[in-house]
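Below, subunit A partners subunit B and then partners subunit C, in two separate complexes.
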Partner chain A sequence: MSSIVLENVSKAYGDKSIIKGLNLTIESGSFTVLVGPSGCGKSTTLRMIAGLEEQTGGLISIGGKSMNQVEPGKRNLAMVFQNYALYPTMTVEKNIEYGLKNNKVPKAERKRLITEIAETVGLTKHLHKKPEFLSGGERQRVALARAMVKKPAVFLMDEPLSNLDAKLRQQMRIELIELHKKLGATFIYVTHDQVEAMSMGTQIVLMDGGRIMQEDTPHGIYNEPRNMFTSHFIGTPPMNILEIARSGGILSETPHGAKFFGFRPEKAKFVPEPGLAREEMLELDAVLSSRELLGSEVIYKAGLAGGQSVAVKCFDCPERSLEPVKLYVNKEHLFFFDAQEQRIPADGSRAGVTVPSIGSTA
Partner chain B sequence: MKSRSKSMKLLPYLLVAPAVMILTIFYIYPILYNVYLSFFTWNMRGPMKFAGLNNYIELFKGRDFLGILSNTLLYMVMDVTLVMVLAMLLALFLQKNTFINRFIQTLSFTPNIISLISVSLIWMWLMNTDTGLFNYLLSLFGAGPVGWLTDKQVALFSLVLVSVWKSVGFNALIITSALGSIPAHLYEAAALDNASKQSVFFQITLRMISPTLFFLILMNIIGSFQVFETINIMTQGGPANATNTLIFSIYKQSFEYYRVGYAAAMAVVLMAIVGLITIFYFKALNRRVHYR
Partner chain C sequence: MKTLIRAPGLVLRILISVLLIVIFLTPFYWMILTAFKTLGEVLAMPPKFWVQSLQWQNFKDAFTRIDFLHYTRNSLIITLGTLIGQVLVVVPAAYAFARYDFKGKNGLFGTVLATMMIPGQLIFLPIFVMFAKSGLLNTYVSLIVPFIASGTAIFMLRQTFMQVPDSQLEAARLDNAGEFKIIYTIMMPAAIPTLSTLALLTFIGTWNSYFFPLVWTTTDAVRTLPLGIQRLQDIEGLSPQIVMAGNMMLIVPILIVFVVARKQIIKAFTYMGVK
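For the complex of A and B:
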């Protein structure tokens, strides 16, 4: 009932085009994450949904109703801003109450809602303080409470965790996932952090240069990237992408039109997978050049003969000295891309992969 | 070691000494001397004669003084109210950064750099009952003439008009910069909170710039008590004492009638009024001001 549809939406500032012909459907009740590098248009998209920016062209509708002429306050949505945007002159209580007051909620009802919400987010003892006397995490909660108290159908969040320290951020991630489950509302969450996107989203919309590069579940976006941008953006370290022409003929057969191939760092092994025939593996001669210890995993950087380099990630493996090694990659785990950096479905074993639809990438 | 720590103890006093000396010579001593003078009868030449509270008694018994006091307060209220309201409106209008707005901002600030003497002379001509521009313009509509500076009912207001004209631009400039420092995301949050324009203005805009307004109002109050040039040039306190204020009266009594003790007593009263208003103002409003 509160699905959000963007049809051919574009946005330009003067003659600078930010968003070009965006088509996107956000399912009701989903936790959709808009992710991408800075300047990709994700925030602008969110702000257009909120009504804080007017689209240059196209249609935005929420729950089947066109929002083009509807003011932000009447769209039945709430927004959590990156810097929280709390009203500094008002106490926590007044901050939460302001939206209710404007929506003409009776006083007794307001009191009840505020008490309830303060209890939920653990702000009861801070209700009469001004935001400046709260810590970052507490301000974050006020911002959330201010959004939640209006019981909107849609929550918009613009990098709400980026001002918190790492530990608190992780905690808030989990709380937001739980909150989403509890409220059942539609969440649209903007971030540049792929970890946030992967860990929280039920649906990920990856954007670049004002276009959608891929729209998928976290699983799909990681395992079935549709193009080199996606494969590169998602994953730490990103997928190893090598130019076929510079790889010295290590691949006996490549799909028609392939210009690049790639594999995830964790798919490269130092020993061949047992029970795998030689022709089912890609064998690379490499020299390990650096090593990052990250606790349970180790990431190596390895130089290849043609001057290209790859990352190798292995879990629970003994430390290796930096020396020449052989790397083995199961050919099943190879991805091929054409000259336009679009994914080429490898062969019959990769059925289910489709060529990117024109609508979401063009 | 011991002598060193002793000299270290003296150092702070040494550092504030110049400032304290200047304050003492130019502020504290004159104030105390003024209070001292108010208990004497003196004509600046002859011997000073102790008068006890006579100056004060004469002050409060005299009919003129209450009129002067009410002129002063009326001028203050009209001046501060008009300046603040108009400056606020102008500042809100000037927020958009267009060519016209920049032009108007410059224009409205200009009076502030002109000397009050010139201002007074020009407005005196504009407001002249028989030959002034204002009455000429009014006559085109068949109205007037208004005795801008000669009508008892109007003269004080005319002086307020000059003061407002001179200071609105400056006040608007300060308010504009305060408005500009309000983060845009607050307005966005308010938009999402379905806030009406009115509510945004009173709940967010006004409260965010309250420290600036607080400061400007205080400055304008104090400034309005000190009005002198315009009165001295344009009306000389007339007609029939209608524009006679405390400061002008103090000047007249001491430097024209040589009633130094009487003028000093008036100055003490003025100081008390300004002090009381300031204290009251801080007590009443300061807690409602939001400081970042």
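For the complex of A and C:
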């Protein structure tokens, strides 16, 4: 009903190409997170969906209707900006009312909607204040209320939580997830924070250099990264990637064409998994060089022979001194990548995964 | 200790302030004083710095010696006409310069800035000839239209408009607001300090305008109050108290407007300073 389709969309400023041939379908009712490093084109994509930027080529449609000639205000969407973009000269009430007024909603109806929404987001006692007298969290709520009151089919959010402090951000994250469930609208959320993406999205679109690197569920993007970029971007600390040639033949057999292999930091163990044969494990000689305590989990940095290093994450484990150790990784948890940094399906169990072509043409 | 160090600076500052106030206020005081004197008091030597009784008669004389109402009405029409015209022209122009990219924008903006640097005395004659040829001489139009597209106002307002964050305009566009609605509901409210400063400058400039009404008119039909006061000076030059009473009536509206708009003007200057 309100699914969003981008077909072969590109965007360039002058001869500087930002987005090249982007194809993306955002399902109606999904919580889709566009994530990627700064400059990857995620915000530009969002702004093109909003109509604030005109695409240089391609087609954007919402609910099956082409949006190429439609004004931003007539696309049945609302946007929450990073800096909230509240109207400073208007009270909270007028801020929320502005869109309704422009859409010619009758006065009595406006009054009712504003009262209702203020109740929902907890702004009732602030309705007559100007934004400058509100705290960051309250401004955030005004921005949300202003978007929600229009009852749009699509919510666009451009890093809406990045100006809040850590605790409030955590709380707003949960509120946004609940809000999405309650409204059933399509949410498109832009962030550079992979934790935010993983914790909030039902669908994650990872972008880099104006291209989509992988489009998947949080589970899929973490467990089945299609390329080195994805494996590296998602997860804290990122996946350990090692060059096979520099690893001194510790791997007896590698898939054809493999240049790199990797494993998640939490898959490296200090003791072999019980019941696992020696040939099912990768054994690494390492020297622990630093330790980061994060409460229940500890992250070690370990240097390997050949100058490479890996991170090791363990939960509820006794503290270790920084000294030479042996690390064990179940070979099932190894990922292989070719020279183009694309994932090579490891064996028959992952036959369903094909080598994607995205990003390889660059 | 602290107060000891600061004290000399503070005393000096207060002294300079008082001196400046005296310098600025003395002519005003003298004008007001003279306006209430009798001719005898005006001519008294040594000069008197106070009056025995207020001579309201001076104001009555000033009011009747010239057609005071006629000049005042002309001044009002020309001032209000210029103000309204400026809002209609300057606001959209400033918005376009601040927010749009169009071909020839820089050249056009440069031209606007250049108009600020051309002295009016240089072009009043060609304009006079132009008005004479087009039959606009001695009309209100001739005293309003040349001042509507003020380069200074366009420049200052553009600077203010540029300080409004893009995201606010984008939010408004997503709220289904058209360009005029954005100008009226987002931009102008954000620029109130600048707008009131500009309005005040225009008001003072037009209300006090002497040179252009003098050189661009050939009859009394549309002449303004400053010219009326000049007429008073011509007639009553030997009675300074009457001329000063006329002067007082000329500046009272400016003082009232200034007092009303003072807060906004200070805001405008601090606003521009901070950014």
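The rule we apply is simple: the second predicted complex is superposed on the first by the 356 of 362 C-alpha atoms of A that agree within 3 Å, B and C clash if a C-alpha of one lies under 4 Å from a C-alpha of the other, contacts with A are read in each partner's own complex, and residues count from 1 in each chain.
Following the convention adopted for this analysis, contacts are C-beta pairs under 8 Å (C-beta built on N, C-alpha and C of every residue); 3 or more make two chains touch, one makes a residue touch a chain.
If you're wondering where the values come from, they're calculated on a predicted model, not measured in any experiment.
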{"item": "Three-chain arrangement built on subunit A, subunit B and subunit C clash or fit", "value": "clash"}
{"item": "Partner chain in contact with A:N102 - subunit B first, subunit C second, else both or neither", "value": "both"}
{"item": "Partner chain(s) touched by A:E132 [first = subunit B, second = subunit C, both, neither]", "value": "first"}
{"item": "Subunit B versus subunit C as contact partner of A:A85, first or second or both or neither", "value": "both"}
{"item": "Partner chain(s) touched by A:N8 [first = subunit B, second = subunit C, both, neither]", "value": "neither"}
{"item": "Partner chain in contact with A:T217 - subunit B first, subunit C second, else both or neither", "value": "neither"}
{"item": "Doubly contacted subunit A residues - partners subunit C and subunit B", "value": "50-52, 71-74, 77-79, 81, 83, 85-90, 98-99, 102-103, 146, 150"}
{"item": "Subunit B to subunit A touching residues, read off their complex", "value": "183, 185-186, 188-196, 199, 203-204, 207-208, 210, 290, 292"}
{"item": "Residues of subunit A defined as touching subunit C within the complex", "value": "50-52, 71-74, 77-79, 81-83, 85-90, 98-99, 102-103, 146, 150"}
{"item": "Interface residues, subunit A side, partner subunit B - complex", "value": "50-52, 71-74, 77-79, 81, 83, 85-90, 98-99, 102-103, 132, 146, 150"}
{"item": "Residues of subunit C touching subunit A in the complex", "value": "165, 167-168, 170-177, 181, 185-186, 189-190, 192"}
